[in-house]
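Here subunit A shows up in two complexes: once beside subunit B, once beside subunit C.
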Partner chain A sequence: MPEEMLVAKGVEAGYPNKQILFGVDFSVGRSEVVALLGANGSGKSTALNTISGFVRPLAGSIRFDGAEIAGMPPHQIFRRGVIQVSQARDLFPDMTVEENLLLGAWVRGGETATLLEGLYRSFPRLAERKTQMVRLMSGGEQQMVAIGRALMGRPKILLLDEPSGGLAPTFVNEIAAIIATLKKTGIAMVIIEQNIKLALSVADRFLILRDGRVTQRHDISAGAADEKEIVRSIYL
Partner chain B sequence: MRPRASPVLRPAGFDPHGAGPVLALFPQLVVSGIATGMLYALIALSMTVGYRATTVVNFGHGDMVMAGAYAVFVLLGSGMPFLPAMVLALALLFAFGVLTQRVFMQPIIAGPHLSLAIMALSIGYAVRGGARLEWGSEVTTLTRPYPQDAFMVGSVVFTTDDLVISGVVLGLLLALFVVFHLTPIGRLIQAIFQSQRGAALVGINVHAFHGMMWGAGAALGAAGGVLLALIVPLSPDMGVWTLLRGFAAMTLGGFGSLHGAVIGGLLLGIMEKLLGFYVSTVFIDITAYLVTILVLLIRPSGLFGRQASIRV
Partner chain C sequence: MTDIAKKESLPAGGRSRSRIGRSVFWLIPILLLPVPLFLDQYRQYVVNLILVYVPVGIGFNIVVGNLGLLAFSNVAFFGIGAYTSGVLALKLGLPWWATVLPAGIMGALAGSAASVPALRGVRLFYLAIMTLAFGELLRWVYIRWVPVTGGSFGMAVPKPSVFGLPLLTEGHKFYAFLFLVVLMVILTNRLLRSRFGRAFMAIKSNEQAAAAMGIPTDRYILLAFAWGGFVVGIGGSMYAALVGHVTPIAFDLTELILEFAIIMVGGLGSLVGSVLGAIVITSAPEFFRNWLGFQELLFGVLIVVVILFLPRGLASLLARLHPIFVDRYYRD
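And then the complex of A and B:
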């Protein structure tokens, strides 16, 4: 296993009057892709939101690059390079594609023009639509903007919450190709996906969450995962 | 509370007993309404800035307006010239707005809407109580830093008050337009207004932004208070009057719409003058209530607002 970059230990988290996570442990190595699988309500999104600071943990530890980040506000966690693409995308709807992308680089800075140029090379569709208002775009295109905006922040680790959720099949394939390309660039990722085929095609390891607890861990490189068995583990 | 009477100048050919005056005064009423409406626009805009940032209507905002006027009054009393006194008062109110949001509102921001409304109202009452302790029911005035005069353009009378208020408000609106639309920080503010979660996802400290916007709202409101104090007597209760006008202008323009607040304020000012003259002087005091009631009943989103849930 590669050097550990993100380590969560005994994480308990939730919302007022409703605890969702009960002692979740997992780690992500450098350049590694870990998929969190589970049924609706199993705590996948809460786990991601706890890492990125949107949900305050009740107990446990989350270390990133050796530093404790549990309980930090989202903007401080972002500055360390932990960047999330949310399920709802949360774009700036009345701004153009390019304005959205540039705002992604606002805080962490860097060579913005070079970043943008590189992004447009990887996402030619965004280059074609760079002056279009985001609210006028399809769900798949918006998802590309959301991923592009996160990449403009130069993430060390990318947290993807249901990147293919609600998209037409052609876009699902396109998003899967983008994630596969990102993996080749060496960005570590935690990915939540209902589309198990997509998740397994990019992940090095996967965990199954059930009622806020990790019930299974599987290293894909150690042996091919049986998709039907995974579905049974998640839902039955 | 009504603006002090302007010097009486009658347009050429004005005959108070003829049928002509009714229509002849129309342009005059519109001009006076625009000057008053500018003030309402500024106050509504200052409320909108805070509301857009936090989606909480600050029911204590009128007292921030009052505090701004009193701050200038105190600083003038210490011998400071008008302009530096106004700048310092705005800075003080900015700091007070930031502090209020961070210390009192932020800790309960996820709580019930009613708690936020009561907190904002209570802060306003506390500020008002402080002003009453010092000045009681004493009515004071701000001395104008310019000569009070009036002159005519065609058949319309312009007062220096009208021109100063309109000029300052236009200047502030222009400055805000430039900041919002032509600067990187303005793009950032617009982005946060559009999606706070999105802003947090790109690493913006949204809580700090809430405080800054409440501060900006308080400072803009204070500017409105200072201008208002040029034409009405100062009293600790002037916040109630301003809050109602600001609220009505916001409602008319559409909650959350910055340009809606400005247009709503202008329309409210003009309506007050026209209804007050052509129907009954009672309308000068009740137009704001009527506008609020009618807009909420007929078109809750106002002229430019979008359908959205609001936190009171």
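And then the complex of A and C:
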């Protein structure tokens, strides 16, 4: 396994009067892509939100690049390079595409103009629409803006919560291609996906969560994963 | 610099053209300098009252318009500013000019205190009612803390002076007020055009997303309340100097509605709008004096008509005239 970048140990988290995660352990290595699979309500999104600081853990430790980040506010975790693309995409609907992208680079800095030019080369569709208000775009285009904005923050690790959720099939393919390209660039990722084919096509490893606990761990590189078998272990 | 970098530093229009355009704003206070020569004491008083309400509108607009929070404690900051000036002048014998900054600071402290519910995540109508309660609570303090505030009867504020020069006429007050208003407009303009303004816009547009982009939303919310409180507190100090008498009744709900009308009519989130709103809302009742008995009706109709036909306020009219009037970091 590559050097560990993110290590979660015994993470318990949830909302008032409702605990969701019960002692979740997992780690992500540098340039590694880990998929979190599980049925609805199994705690996948809560796990990502706990890493990114939107949900405060009740117990356990989350270390990123050797430093404890559990319980830190989201903006401090972001500054360390842990960047989430949430399920709701969380864009600024009344701003243009470019303004959204620029806000992504705002805190972490860097050569904004160069970053933006690079991003427009990879996402020509965003370059075409850079002056368009985000709320006037389709779901797939908005997802591209959300991923693009996260990349503007120069992530060390990208947390993707259902990037293909609710998108038309053509967009699902396009998003899958984007994620595959990102993998080649060496960004570590944790990805939650209902589309198991997409998840398996990019992941190095996957975990199955059930009722807030990790029930299975698989190393995809060790052997081909059986999609039907995975679906069975998720839902049955 | 690449095209993109240029675009980032200035979204609309060329930099030089914009700078020339902005310098036109400097002409406005200069053109206003001879105003006291042409006005009688009463009309000058009305103009001074407009100047008092410019910072009051500006501070309110930062929280409600730019940050997008339904926080209605503005009248509390106004009252705190007025009482701070009044108490310091009356009890400690400080000249008025020396009470202006403390009034702003007390306004900022009150603003910080009023931001606590918002920092705890209270939003929308819940925030509205809690911040309204804050204003009413302070009114209770003004009434009950008799030894300091003079209770229901209020307090007479000594004649204002600036560096030993007494402000004997309304015209004298006008120059002192104009200086403060120009200063507040410049400082707030700088704030709103900086990364702070961009952060306010991001928080208004989607607070969760702003936090997800690494923006410390709590810090910016606190800053908006504190700066808003500071500017309104200065307005309160000007009010004490202008009226010469500070009473709790001046800071009641009717006053709050008037202040809200200023930013709605002027234009939410617009600095120019706060100025326009203060001009129209403060001077309109004076025009309507000619129609005795219909003053309130005409005033109400004016507000309804403006909001009906110009939902973005009077500032949107100016924005159509020239891009210089478009606020850099504001969206509907």
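We take it that the second predicted complex is superposed on the first by the 236 of 236 C-alpha atoms of A that agree within 3 Å, B and C clash if a C-alpha of one lies under 4 Å from a C-alpha of the other, contacts with A are read in each partner's own complex, and residues count from 1 in each chain.
Here is the rule we use: a contact is a pair of C-beta atoms (placed from the backbone, for glycine too) under 8 Å apart; a residue touches a chain by one contact, two chains touch by 3 or more.
All values derive from a computational prediction rather than experimental measurement.
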Clash-or-fit label for the pair subunit B, subunit C on subunit A: clash
Touched partner set for A:140, first subunit B, second subunit C, both or neither: neither
Touching partner for A:153 - first (subunit B), second (subunit C), both, neither: both
Subunit B versus subunit C as contact partner of A:113, first or second or both or neither: second
First (subunit B), second (subunit C), both or neither touched by A:84: both
Touched partner set for A:163, first subunit B, second subunit C, both or neither: neither
First, second, both or neither for A:98, with subunit B first and subunit C second: second
Where subunit A meets both subunit C and subunit B, residue numbers: 52, 54, 73-75, 78-79, 83-84, 86, 88, 90-95, 103-104, 106-108, 149, 153
Partner subunit B, residues of subunit A touching it in the complex: 52, 54, 73-75, 78-79, 83-86, 88, 90-95, 99, 103-104, 106-108, 149-150, 153
In the complex with subunit C, residue positions of subunit A that touch it: 52, 54, 73-75, 78-79, 83-84, 86, 88, 90-95, 98, 102-104, 106-108, 112-113, 116-117, 149, 153
Subunit B residues within the subunit A interface of the complex: 187-188, 190-191, 194-195, 197-198, 200-207
Subunit A-facing residues of subunit C, complex: 1-2, 4-5, 7-8, 195, 198, 201-202, 205-206, 208-218, 331-332
